[in-house]
Amino acid sequence: MIGLDNVTIAYGTGTRAVIAVHDFTLSVPEGEAVGLVGESGSGKSTVLRAVAGLIPHAKGEIALAGVRVDRRRTTAQRKTTQMVFQDPYGSLHPNQTVDQILALPVAIHRLDRGEARIVQALTEVGLGREHRYRYPHQLSGGQRQRVAIARALILEPRILLLDEPTSALDVSVQAEILNLLARLRRERGLTLLMVSHDLAVIAHLCERIGVMSAGRLVEITTATAMAKSQVTHDYTRELLRSNAGFDRS
Amino acid sequence: MTAARTWLLDPAPASRMQARCGRWFRAWLGFRRNKLAMTGLGIVLLLVLMAVFAPLIADRQATTLQDLGNRLQPVSWQHLFGTDELGRDIFARVVFGSRITLTIVAMVALIVVPVGLAIGLPAGYFGGIVDKVLMRLTDIFLAFPRLVLALAFAAALGPGIENAVIAIALTAWPPYARLARAETMTRRRAEFIQAAELQGASALRIIATQIVPLCLSSVIIRLTLDMAGIILTAAGLGFLGLGAQPPAPEWGAMVSSGRQVLLDQWWVATIPGLAIFIVSLGFNLLGDGLRDAGDSRS
Amino acid sequence: MTEPLLTVRNLSVTYPGDDGDVRAVRNVSFTLGRERLGIVGESGSGKSTTGRAIMGLVGHPGRIAADELRLGDTDLRSLSESGFRRLRGKRIAMVLQDPKYSLDPVMTVGQQIAETHRTHLRSNKRDAKRAALEMLEAVQIRDPERVYTMYPHQVSGGMGQRVMIAMMLIAGPEILIADEPTSALDVTVQTQVLSIMDELVRSRGMGLLLVSHNLHLVSSFCDRVLVMYAGQVLETCEAGKLSEAKHPYTRGLLAALPQLGHRRPELPQLQRDPAWMADLA
């Protein structure tokens, strides 16, 4: 469903170009969930942005649903891949109601039954009718993230990209959002590519985990192997150690 | 009253309309606490009412009716603000002059905002070469002192209200283009813009539905604050004989004609001068209030 | 334990709101000795406000009330703003989440540390510089001389936070309040910064108040933990025994955390009981 073949991503051009991701190769079959972990600056979000079509890639190939894509995409290509951002405050237009936010994708793709779709999308993410005409500042962080998920799903994408979808949320809200994502994935057979710095969150939602460091994919393993510490790379070990919490000895 | 209030402040509105009205109402509740801003709003409203109902307040004939026998009369019940050097009633002229002032202000606003947005939004959104070309163009217009450029245009186009409006508008738009560009650039990288892009929205749609609503509030605030300057420029052009032509009761021209008799018949120049001052002050207070209201919300 | 360094009894912080007063902190009581005390809670639980109230940093229009708020023999309730200024840095220090916003961008980090030393200990320039360099070494910065001359934007997040700790500890305070000190850092750097902080606090016999939303971190790092919810302390327990916590809120939070190696199809969601709000009111 998602195929990345030797993808290199650079910021800037010419001699000032900085390579953020080197030769990244990953293939995600339909219905699978793959997570990328790594520190800030490891290039994990950059990969996600290139897959989303927000930034161009310098070399290699990106294929989505069997179609080779670029930064410039057709409206139909856009529809297959949607994304949920990290910051539930910044990803919703501050001056628009939930209704307006959800009406935008309907208008862009000239979808039929717009009204019904908006109501359905809200119900699916667990928001009631009373939330439909509120502004983002009248919603809690968790509710905002639900709106962002509804906005992505209203287009019925086959691929959902998640950029740290719960790292700005409280633990109890994080559980709700993770459950929601797991349910939606099951119901719709979504293919997920998720980025997070939290190993436990990734392992909860994804079957396979890629570890990134300094712009390279250093290891790709399964969540089960990760839990049993069956890892090969030093950096992954360090990550596992840090994840266990502070060592008081 | 309370029912309307509850409807407006409902935290869970039932329609797009109600949500929008509620937002405006909340903004109004905040604005209302600012006494100076309310004074400004009052002055501006008064100006508008005066312009609309001018024929009910004063006699249109009196603005041009020359009565040389009654020239330079002081303030009296018959002539509330006295008469000018041609014996015309200054009160009637000030009242009808508000129409000219308001027309100039409205026309300038109608030209300046769309031009500013049309230049600034693409410059900020696309960046690169588009930005460079559009901003250099803006710089050229910014390089001239405003009144001098307006004077040159007015002189070239010939005197008259329409040409004064065009001259003022031509010199007033660059700051709006800059403002729109700056606002667009700060929002360009926002995640909600990226989300719209991801959903397949075209650049035009993103600019029109996502960016314009955010720019508009600061543009309107800037415009309100600029109004005083526009009124003064219009008055300046009128004073120099390049604006509204006699016998039109333009305030700037009235000040100009009264200056020869300023020491003996002070009211001839002072009354229209006061009108200019009060209206400018009103727009400034209103603009400040709007800016404060905008600050507290974000 | 001997005489506590800090005693807080029935501390409340109130902010006036549009619809009546909002009590951000309600009747919070605890003591802090030479130990590591953690305060955990979700956003809006009042954990940060508690820390700020002790520092005298609850600004207008917030109001503080307490039956007792004492640092050693100093009553913090009656302390003036200038009294607090003398106290801050010298006797209580605070490390905040993001060093980027806590450091002066136009002064080198070394100058800032030295300046703290000079203000609180009235030392001369040379002594202050020497102390600052020693402090940078103490927070395990490899090349103190070089870092001394660097500006805040030139240091990484982890190093910035170590600089903050150096600056906060140079005047030898009795208590360090750390509000989410590692939340902006990468996980692998988090543990380094924590162990440096731990080492220094322990060797100097200080009290540490660690405010965090991260249950894992607090339970593995601290000696005791206060669990806050809606401005109240719901429960106090030994950090190592957080997994045996009694209160349904604490248990709910722990259960809601995804765990590596214990994958559940669904995470139990926290059911909030209105009775928790009334518990101590």
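Per-chain residue numbering starts at 1, and chain names A, B and C are given in the order in which the chains are listed.
The rule is short, and it goes like this: contacts are C-beta pairs under 8 Å (C-beta built on N, C-alpha and C of every residue); 3 or more make two chains touch, one makes a residue touch a chain.
Values in this document were obtained by computation on a predicted structure and should not be read as measured data.
Chains that touch both subunit A and subunit B are absent from this assembly.
For subunit A, the chain with the farthest CA centroid is B.
Each chain gets a centre from the mean of its Cα atoms; for subunit A and subunit B, those two points are 47 Å apart. Work out the mean CA point of subunit B and of subunit C, and you get 52 Å between them.
In this assembly, the C-alpha centroid of subunit A lies 32 Å from the C-alpha centroid of subunit C.
Per the touch definition, subunit A reaches subunit B in the complex via residues 52-54, 73, 75, 78-79, 81-83, 85-87, 90-97, 99-100, 104-105, 108-109, 129-131, 133-135, 138, 148, 151, 155. By the touch rule above, subunit B contacts subunit A in their complex via residues 11-16, 18-20, 23, 190-192, 194-201, 205, 209-210, 213-214, 298. Those residues of subunit A that touch subunit C in the complex are listed here as 39-40, 141, 170-172, 174-176, 178-179, 182, 197-201, 203-204, 223, 226-228, 238-248. Residues 42-43, 157, 186-191, 194-195, 198, 213, 215-217, 219-221, 252-253, 256-270 of subunit C are the ones that touch subunit A when the two sit in their complex.
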